[in-house]
Amino acid sequence: MTQARYDFASDNTAGACPEALEALIAANSGFTAGYGSDGVTKKAADAVRARLDADVDVRFVASGTAANAIACAALCRPFEAILAHEHAHICTDETGAPGYFGQGLGLIPLPGASGRVDPDALRAAIARPDVSHHQSAAALSITNVTEYGTVYSVDAVRALTDQARAAGMGVHFDGARLANAAAAGFDLKALKTLNLDILVMGGTKAGAPLSEAVVLFNPALSRRFDARLKQAGQLPSKARFLSSPWLGLLKDDALVRRSAHANAMARKLAAGMPFRLNHPVEASAVFVDMDETTLTRLHAKGWFVYRFLDGSVRFMCSWATNAEAVEELLEVLKSLR
Amino acid sequence: MTQARYDFASDNTAGACPEALEALIAANSGFTAGYGSDGVTKKAADAVRARLDADVDVRFVASGTAANAIACAALCRPFEAILAHEHAHICTDETGAPGYFGQGLGLIPLPGASGRVDPDALRAAIARPDVSHHQSAAALSITNVTEYGTVYSVDAVRALTDQARAAGMGVHFDGARLANAAAAGFDLKALKTLNLDILVMGGTKAGAPLSEAVVLFNPALSRRFDARLKQAGQLPSKARFLSSPWLGLLKDDALVRRSAHANAMARKLAAGMPFRLNHPVEASAVFVDMDETTLTRLHAKGWFVYRFLDGSVRFMCSWATNAEAVEELLEVLKSLR
Amino acid sequence: MTQARYDFASDNTAGACPEALEALIAANSGFTAGYGSDGVTKKAADAVRARLDADVDVRFVASGTAANAIACAALCRPFEAILAHEHAHICTDETGAPGYFGQGLGLIPLPGASGRVDPDALRAAIARPDVSHHQSAAALSITNVTEYGTVYSVDAVRALTDQARAAGMGVHFDGARLANAAAAGFDLKALKTLNLDILVMGGTKAGAPLSEAVVLFNPALSRRFDARLKQAGQLPSKARFLSSPWLGLLKDDALVRRSAHANAMARKLAAGMPFRLNHPVEASAVFVDMDETTLTRLHAKGWFVYRFLDGSVRFMCSWATNAEAVEELLEVLKSLR
Amino acid sequence: MTQARYDFASDNTAGACPEALEALIAANSGFTAGYGSDGVTKKAADAVRARLDADVDVRFVASGTAANAIACAALCRPFEAILAHEHAHICTDETGAPGYFGQGLGLIPLPGASGRVDPDALRAAIARPDVSHHQSAAALSITNVTEYGTVYSVDAVRALTDQARAAGMGVHFDGARLANAAAAGFDLKALKTLNLDILVMGGTKAGAPLSEAVVLFNPALSRRFDARLKQAGQLPSKARFLSSPWLGLLKDDALVRRSAHANAMARKLAAGMPFRLNHPVEASAVFVDMDETTLTRLHAKGWFVYRFLDGSVRFMCSWATNAEAVEELLEVLKSLR
């Protein structure tokens, strides 16, 4: 009888990495001001600014879904829409949160191979006439690492955000797995050159217990942003518990080092994978071609993984994935061929 | 030169109590399912059910503001309103979150001494004609411990919720400081007899790092409640970090024991208080009559506390308040007379 | 030099038919109660009830977009979705109004030939697992006459609404062109057998100056429906100007007689049409296969018509279309071959 | 047995004045473009521009409630608030429409005698600290004629709007009875000097069947305003039926002439009134001190009027009020003393 194995089900099935947890524990003592005005939170914001080499406002929230939805609502009025990859998390996996936080704002899905927005499709979408009977685009949302584990280069992002800017649109950057992109070579200090408005920088998937950094590149968004967060239930009273993990993650760049491990585990898994890879393995995810019978047998052996919108089965690595588990999984997978 | 003292500014200026933090640390190891389907979260929900002696659905969310707002939205359509004490947190201190989550739902403020809704005022509000030009009441919201540190008895709550039920209305119970009420004698096992729909049971102020339990007494609310939470950004992927603290808080009733300490510290502070008390001290807060000059001098000495809507200055105790600090504060206060 | 001709651009390019306008003029004299409690509005509601042979609540609103969006919001919470044909007006042509009025409620597009929902596609959609990461379906929306001018039979509607009911879902019926369906044989008295919740019955396209009847088949929706309308800006103070045209339209069934004329004009147009018909001509619209160059030439001759989502060019007839204009248009079209 | 008399219940109990109705009838013939791009609507917008002597965008909508709510939503984000007189229509009589259209935006009530905002109260409200736990003010809403039938002078409005502008706030002007203000001496051509963002100029109460003009003084609001209206159900397809009445109302200034009659009738009623006047009679309304028994007797005699929030009973005149009815009413009122 096999036990349930969630190792590869997602990168949110792991706990917190030691650096994050220790920083949280260290931040626990004593009394502090609330709602993000405490010293720990200030230091954590400083650390994010230093890591991005950018003079930006930084907030820490509990939920990536909320962070993305708040970002969308900040950039797009209800009678407008956000351009995003058709399989972006905001389009497919957040129960309509952008429309909820943004009172019905629209999402315009764009195609593109392996989760990357096709620049020509973006061009065509931007060129659509701005008529009052549709929700016309007000902003572009880019996800890096993409939903299919591929990584945009800085230049590839710029090719998209330049288009958006030229059209007078805002830009949201969903960085739920930005740390994995960084580990794959994406320069975090280049973000400030990309004309972003809001970045959601993932802590949860990178090893925090539960925390996302909301980074405001556009200073016009800062006014009353705390009121926006408070109203949306994302201005935590005991903010230090969301901010402190970042002190651990950003000390000696544990964030990227831990993500580099996740990426390496994905490469190791891909290297031994007995099923066809459906997408390039550029970060921490491996997407394979697997029929339903085989997936059922894999589940029956206790290994939980998900089938994705493109039909692939996804194996996701994290800071906590260990090499033995990869080998163990590969043995099981080989037995299913 | 004095250092900033936040000891009495709020009960969210404290860290997590040892039981909560240790339970969180213990829950960190290994891989688990996400979004609340993990074993730790199930055990924590069981513990809440056992403590309330009620067969209820339980979820854990990061924000009391969001929990209250989601509850309001679940009980009240946009063209309806929630009846609540005029100084209730949802009315005064949540940046309009109920209206944001509930697309403009109304709040009908009710008077009442020391934060308790006046039953006659409720009666009058319920009796108002239901006309289409106003938002008519759909639900009642009760807060216990109240905003002014007083505690409703079970019968006093029942006198209000019976009225609401008889009028066909729903009931929301804001229990941000329910643990302090329990420590003051409010029987948590009586909640199930009060015809509540939703209880928000506070963990944060009681010693969790950041967690509120949402308790669904009305089973009709359970359908798609996770979708409701997900859309609202309150279905955490790494749910164990919000649920595990409850395992510590509910083991040997640390929740109530720690709150009893907070209440005792408030009584100690009240006993020595050189300023007039504006409200009965029944739980963890002490509200006093203090002029602006004196408050400024207190701030100048490094002790941060807030002036409230009724004009009082509030001193709030928590699980972390220590007796020496109370004495130290009393010395300072005496020096200001 | 040709003058702009809007005769076939839409059925909202016509004015009001004599019966409707005369009834409006007749209703103008004297003082009446406001907000729909006047005698004219009561008589108009009676007339709708009589025409539908159903004991239903009826309201009159100024906008079909608002009526549909209010209906969707009444049947579907924000974390749920409405099933509708992928080219239904609510999905494609209302600037996201359902999501605006319903705070982000979702729309799940269904395929189907010539604007009719494919029953198998509905079955598959209903069978999708109800997971918290998506907006699951709460209601079905049916449009008759469809966007492509085809007409569901009563049985064809029932085959869909029975599925919805069996799945516990609500049903919205968009009858913007219900009069044209009636003229094509759809029995309005059968509507009450179809398990609908809300019908929006079009007056505007049928010859009213500006009016849609909202018909509540589900009595549970009646409570506070006027408050819902008032909040949504659809409870007119001078209601008689929206209701009175229905007295004219329903006297001697002018509504259906005028629509029968529109349908006959469409058949006449189709009969002489020198371009391929893309959809069956069952009511007042003719959809043809026409390349962009030809359409541009048609526009240049002063005849305005629209290209639709399926690529067809649409010619729409109304109560006001006259036979000479059809012949004139056919001459022009023939000259473009 | 007396018949119901609605003459003085409101100014929306009257029908349309001849000029408005005749213009509507004249606009009925022929086919036109839809959604406000027709020639009649363009001429009506020109007429509004000419009357205001201002280069502004003008739209025509069916509902004052919707127009005000859309204006509020255009000027105020959900986590912000609108400053308005505590008895302003948007605060008391629109079922929370601003919060519905604006996803929970707040309303901050301001005091002031006889419906006029007290400039000192506005000053105090503007001076309140901008904290993230409350909805801070983003705009001011002014109503002229006020809810209590008093009229702001141009300078009195300016004293308020100057404050708002200096604080960086927007300004909404609710002109549901602007025509009555004009008839009382308020110069419509001075509006353009008052730094307004949006004016809602009432047609309905002034003698239109059902129409309000939305006037955009701030050109930044024009972008995608039609999409905003469409999504909100206020971009009518047969726009000519909302715009054409303005051609009649603005020809030879019938709008103001008809309103001058309403004002004169109110003065006549006030002159003979046997009850104490509670507010200055400056436009078309007379507010009197009347106990409940007397009001009940008045109702029993068939005359319907309303008690207002300040406790007064209101008698409202309109373009349709005739002198004989005033005399008849006065006789009845005298019999009740």
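Some observations on this one:
Which chain is which? They are A, B, C and D, in the order written, and residues in each are numbered from 1.
The rule we apply is simple: contacts are C-beta pairs under 8 Å (C-beta built on N, C-alpha and C of every residue); 3 or more make two chains touch, one makes a residue touch a chain.
The model shown is predicted, which means the values in this text are computed figures rather than measured ones.
In summary, the chains found to touch both chain B and chain C are A, D. With every chain reduced to the mean of its CA atoms, the largest distance from chain A is reached by D. Separating the CA-averaged centres of chain A and chain C is a span of 42 Å. The centroid of the Cα atoms in chain A and the matching centroid in chain B are 32 Å apart.
Residue positions 78-79, 94-97, 100-101, 103-104, 132-135, 227, 230-231, 235 of chain D each touch two or more of the other chains. Residues of chain A touching chain C in their complex: 78-79, 81, 92-106, 132-135.
By the touch criterion given at the top, residues 35, 77-80, 103-104, 130-136, 224, 226-231, 235 of chain D touch chain A in their complex. Interface of chain B with chain A (complex): residues 4-7, 9-10, 12-16, 21, 24-25, 27-34, 62-67, 69, 94-97, 100-101, 103, 204, 209-210, 227, 230-238, 240-242, 304, 320.
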